[in-house]
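The structure is given below, and queries will be raised subsequently.
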Amino acid sequence: MKIEHMNIEPGMTTLQLIEEMGKSGVLGAGRIYRATKLLAELISDEETTIFLSIAGPMVPGGLRKIIRDLIDAGHVDVLISSGANLTHDLLESFGGSHYRDHDETDEELCQMGMGRIGDIYTKSEDFEIFEKKISTILEEIAGKRDQLNIREFITEIGNHVDDPESIIHTANKKNVPIYAPGIIDCMLGLQLWMFTQENQLTLDAAGDMHELSDIVFGSKKVAAVILGGGLPKHYALASNLLTGGVDSAIQVTLDRSEAGSLGGAPLEEAKSWAKAKCESRLVSVIGDATIIFPMMVAGALEMVNKEKGV
Amino acid sequence: MKIEHMNIEPGMTTLQLIEEMGKSGVLGAGRIYRATKLLAELISDEETTIFLSIAGPMVPGGLRKIIRDLIDAGHVDVLISSGANLTHDLLESFGGSHYRDHDETDEELCQMGMGRIGDIYTKSEDFEIFEKKISTILEEIAGKRDQLNIREFITEIGNHVDDPESIIHTANKKNVPIYAPGIIDCMLGLQLWMFTQENQLTLDAAGDMHELSDIVFGSKKVAAVILGGGLPKHYALASNLLTGGVDSAIQVTLDRSEAGSLGGAPLEEAKSWAKAKCESRLVSVIGDATIIFPMMVAGALEMVNKEKGV
Amino acid sequence: MKIEHMNIEPGMTTLQLIEEMGKSGVLGAGRIYRATKLLAELISDEETTIFLSIAGPMVPGGLRKIIRDLIDAGHVDVLISSGANLTHDLLESFGGSHYRDHDETDEELCQMGMGRIGDIYTKSEDFEIFEKKISTILEEIAGKRDQLNIREFITEIGNHVDDPESIIHTANKKNVPIYAPGIIDCMLGLQLWMFTQENQLTLDAAGDMHELSDIVFGSKKVAAVILGGGLPKHYALASNLLTGGVDSAIQVTLDRSEAGSLGGAPLEEAKSWAKAKCESRLVSVIGDATIIFPMMVAGALEMVNKEKGV
Amino acid sequence: MKIEHMNIEPGMTTLQLIEEMGKSGVLGAGRIYRATKLLAELISDEETTIFLSIAGPMVPGGLRKIIRDLIDAGHVDVLISSGANLTHDLLESFGGSHYRDHDETDEELCQMGMGRIGDIYTKSEDFEIFEKKISTILEEIAGKRDQLNIREFITEIGNHVDDPESIIHTANKKNVPIYAPGIIDCMLGLQLWMFTQENQLTLDAAGDMHELSDIVFGSKKVAAVILGGGLPKHYALASNLLTGGVDSAIQVTLDRSEAGSLGGAPLEEAKSWAKAKCESRLVSVIGDATIIFPMMVAGALEMVNKEKGV
């Protein structure tokens, strides 16, 4: 098949741009076209359960509303998150923010009470408010139960967050479960630990597997949309092991594969482990998720509307 | 400054998408917004001479028309190219194509007469036509002159290419000089060498510098837009050394900086060498040029139109 | 300071090679020299508690014995591991192996019952033995206790593993605690979950923090040696938050920093969060841990011996 | 085949270390072992002509002596270099140096007259001496001839450099030709251009191909050892096109392949173009050449001696 050259017109929609990339069909251009097309099909397919996994600074990096809106629109059925993205979602719901355009050194930032994630900055005063609010919530949770699964714990927190912009709140509203197997490793985890110094509240690390397994077995098809690597990526794929693997997957990453790290592992590798079915459709896009994912979502939603004749 | 969250609407234009990324302003999202904004300003600024450098499979990868259209619209003043991109431009003008969607091994491809660049494929029969056509052109050039600078050589070839889709043809039409310091290292170079086995035709390797220097000294401001690394990247920057460096630069690359390679070098490094002015505006976008560049061009052209009230 | 050129002599020891790299002192050569020197100092310093974090296929990739030997020699005080590395350690203790030199497709591997991690292969028959052995161990653990912290769980497992080559066994022998905050996300976690379908055994996700905190507060100085990213990297640094951060750290990674992922984050970023002290010594080596870490360990041990006059 | 675990002993030689990596045989460990073994075989094989290509700051980064010694020992038959590495070789022969351990900003460096390549620094006063010396040499060359091929030009320069540490000098002494197709794009090229403003001296860009072709046709077997990408990498492979490609190749790079750049292209791709024979032995090592190459050379030389019983 011949490669056609892309044509750019000012004012073209995101989907029109991506369709031009599809005319080329090679290198990154081909990857993002195929990923967008697959995402649109997954969204339109009533039979597919969509797992979204997020690692890396997706909430601090500006993707909070996109993820929240996808959940609100019913386009995400299961969210698997790093603990940090949940912490940062709550931080904003409690009145905090994320900041940019600082040029201090890391030593200076430390003295100013600012934490850095790439070119994203946080303020310790925001975390202080977070701590106060979350400790009240933990007390209320502990007043009701002394042991929970991690998913239940997140749901309980969400019940105390009355912020329509919140991912956790919106997930609760839409009955989208949030799993965070590494939840302990973030500020939320730290607060939980401090709370348990004087209170009884146990998170059962393995407790979510039964529920997650039920979701997988109850799905006709499962798709994984994977932003970044880490525990969320692996959990999204591995939870489908017992049914022979996901039916399709999209991943967006800048990690590379040669040293064998999970983050950079090609999705095809998941086939060997039965974490992706042999006939599954798999697309990896190499790039920064804060560019690639909004583009792909805009393109896919436009494609879905177009199909529907909206 | 607070990071705002991006909002995605189906049907949004490319610029609207990029402006949402600008609201975040961090990580890749911030980079592509700043690069797009800078590109729009450069295009609108009559006083800036724009150098575009291209290395890597930009023409085979589907960017031929975008580059040609930028030249045709007067948005590129100087093109600095790898030899290969010129070869592939000519290959298409001579009737050849680039191909995709093959899954043979490299050994099988070799036996089929197909060359591979990532997931792009070429056919040796297209190269055979290329050889015939180019040798006729070389004869005609040698009939007129026995020594040329590389830029003159490319111009002479362009005079024999009557294809409005061709980058070389369009550059000739618009008086945009094309420099290719490494021209020998491609199929065009190979054909030139074969021709010189029995004919007299010398390319003066250093001959272009005088002309290029005149362009730089004759420009109020110079901007470099750099796709990929290699000789074209360095040449685009180094040719501005004698005037203290470029006034602005944008680069798109997936290479990394730690091992000191030029391709991955941060643009800031060019300041130390007076290849970029100390007050220059410099934006690097980490990503695949076949995604990033079309997006940036679509956004910048839309921004320019918006400014003009078109 | 002038850069000197490296001199290579056949038969030179690893330390001699690394010292030549130190003469250069720049790019990767400088990084590995500084990392080796720092590691040697940390090993020699009685006052420093060394945290080793391992993510990515370190055990399958051939580093099991190096890690075990470092623990056995008293050079590692705390191990923070991905669940997978513990699973693979047990897999070998139970008689299984890791394999190489396969060239089947992922689909073929799946049908052969082989899982792939880069160019490393596993056999499902080895995992079947793993499952039998681990379920017996889980029964014995559940016979004694119905709730454990993750560290205690790993220690209990180690008590049933009588293999001097095992990391877990050796860590038990030397009283080196192993933390694995993401333990659920591996074959060991899967077996635990299956076991808990019909048995009572709860892992308390937050339970280790108290103990880990005691170690940090009880240490005069803490150093983190970080192979790969993920939860283990963050946990190693974040557990030092309450005392103002680690005193020194070395990381080996191929991940890059621009997209904000933790794996690629520069160690300097940890200073802003008080996860590394402002005056801490931090060295990142960009490369594949299966090359860099053995080289660094060989060089550091030789340096320690040289200092001691051994 | 089972993966064995590496064993580290303090005082082990570089080859012993690499052989431990060979026991693992996977990921980077396997790659460097196979590359070292192949390099040793190439060095021992009288019938193989070895092309060494160098791009990126190999001379400034501390590899000058290693490259010079390989040439002096007869282990390199053809050198293909970026112009910059030749400039930096001459800079040192003319009394200049490369520097490290600066922490100024790029703006400050520019004002101090220092250029930066990663964490390598140069001084403009060294370049001023370079300019004086090279202009004298250019005069002498132009006194004898008014047109040269690039290789002849480098040889002529080498005849004026009486420095046993110099790569160019040593290559002359050993009749090892140096090709530098992009020679114009460096300080040496800039000086040549300035000289030709008032003098007649033409470098024939395509002139070397005949000679290079004779070398390739005159070789029973050809091997390419490739450090970094760029023009030198491609030239080393493409010059073997007419004989069906190299018989073996080793590359060391940190570039990645997905965006189609030559630097990151897998060596296997060269098979499709008949730049590497279908049955050729090809090894890529992902890493920083200032770590990987000295290690590989030390290991290979020790292996050669061991084979010889030295």
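For clarity, chains are labelled A, B, C and D in written order, and residue numbers in each chain start from 1.
In the analysis below, contacts are C-beta pairs under 8 Å (C-beta built on N, C-alpha and C of every residue); 3 or more make two chains touch, one makes a residue touch a chain.
Composition by chain, UniProt nomenclature: A, B, C, D = Deoxyhypusine synthase.
Just so you know, these numbers come straight off a predicted model, no measurement behind them.
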item	value
From chain B (Deoxyhypusine synthase), the most remote chain by mean C-alpha position	C
B-D against A-D, pair bridged by the larger set of C-beta contacts	B-D
Inter-centroid spacing, chain D (Deoxyhypusine synthase) versus chain B (Deoxyhypusine synthase) (mean Cα positions, whole Å)	26
Chain A (Deoxyhypusine synthase) and chain B (Deoxyhypusine synthase): spacing of chain centres that average the CA atoms, whole Å	36
Euclidean distance of C-alpha centroids - chain A (Deoxyhypusine synthase) vs chain D (Deoxyhypusine synthase), Å	44
Sequence positions of chain B (Deoxyhypusine synthase) contacting 2 or more other chains	26-28, 57, 60-61, 118, 120, 254, 256, 258-260, 286, 288-290
Complex interface listing, chain D (Deoxyhypusine synthase) residues touching chain A (Deoxyhypusine synthase)	26-28, 256, 258-260, 286
Of all residues in chain C (Deoxyhypusine synthase), those that touch chain A (Deoxyhypusine synthase) in their complex	55-57, 60-61, 106-107, 109-111, 114-120, 147, 150, 181-185, 189-190, 192-193, 196-197, 202-207, 209-210, 213, 228-231, 234-235, 238, 241, 254-265, 268-274, 278, 288-290
Contact footprint of chain C (Deoxyhypusine synthase) on chain D (Deoxyhypusine synthase) as seen in their complex	1-15, 17, 20-21, 23-32, 57, 60-66, 69, 97-101, 118-120, 165, 254, 286-292, 294-295, 297-298, 301-302, 304-305, 310
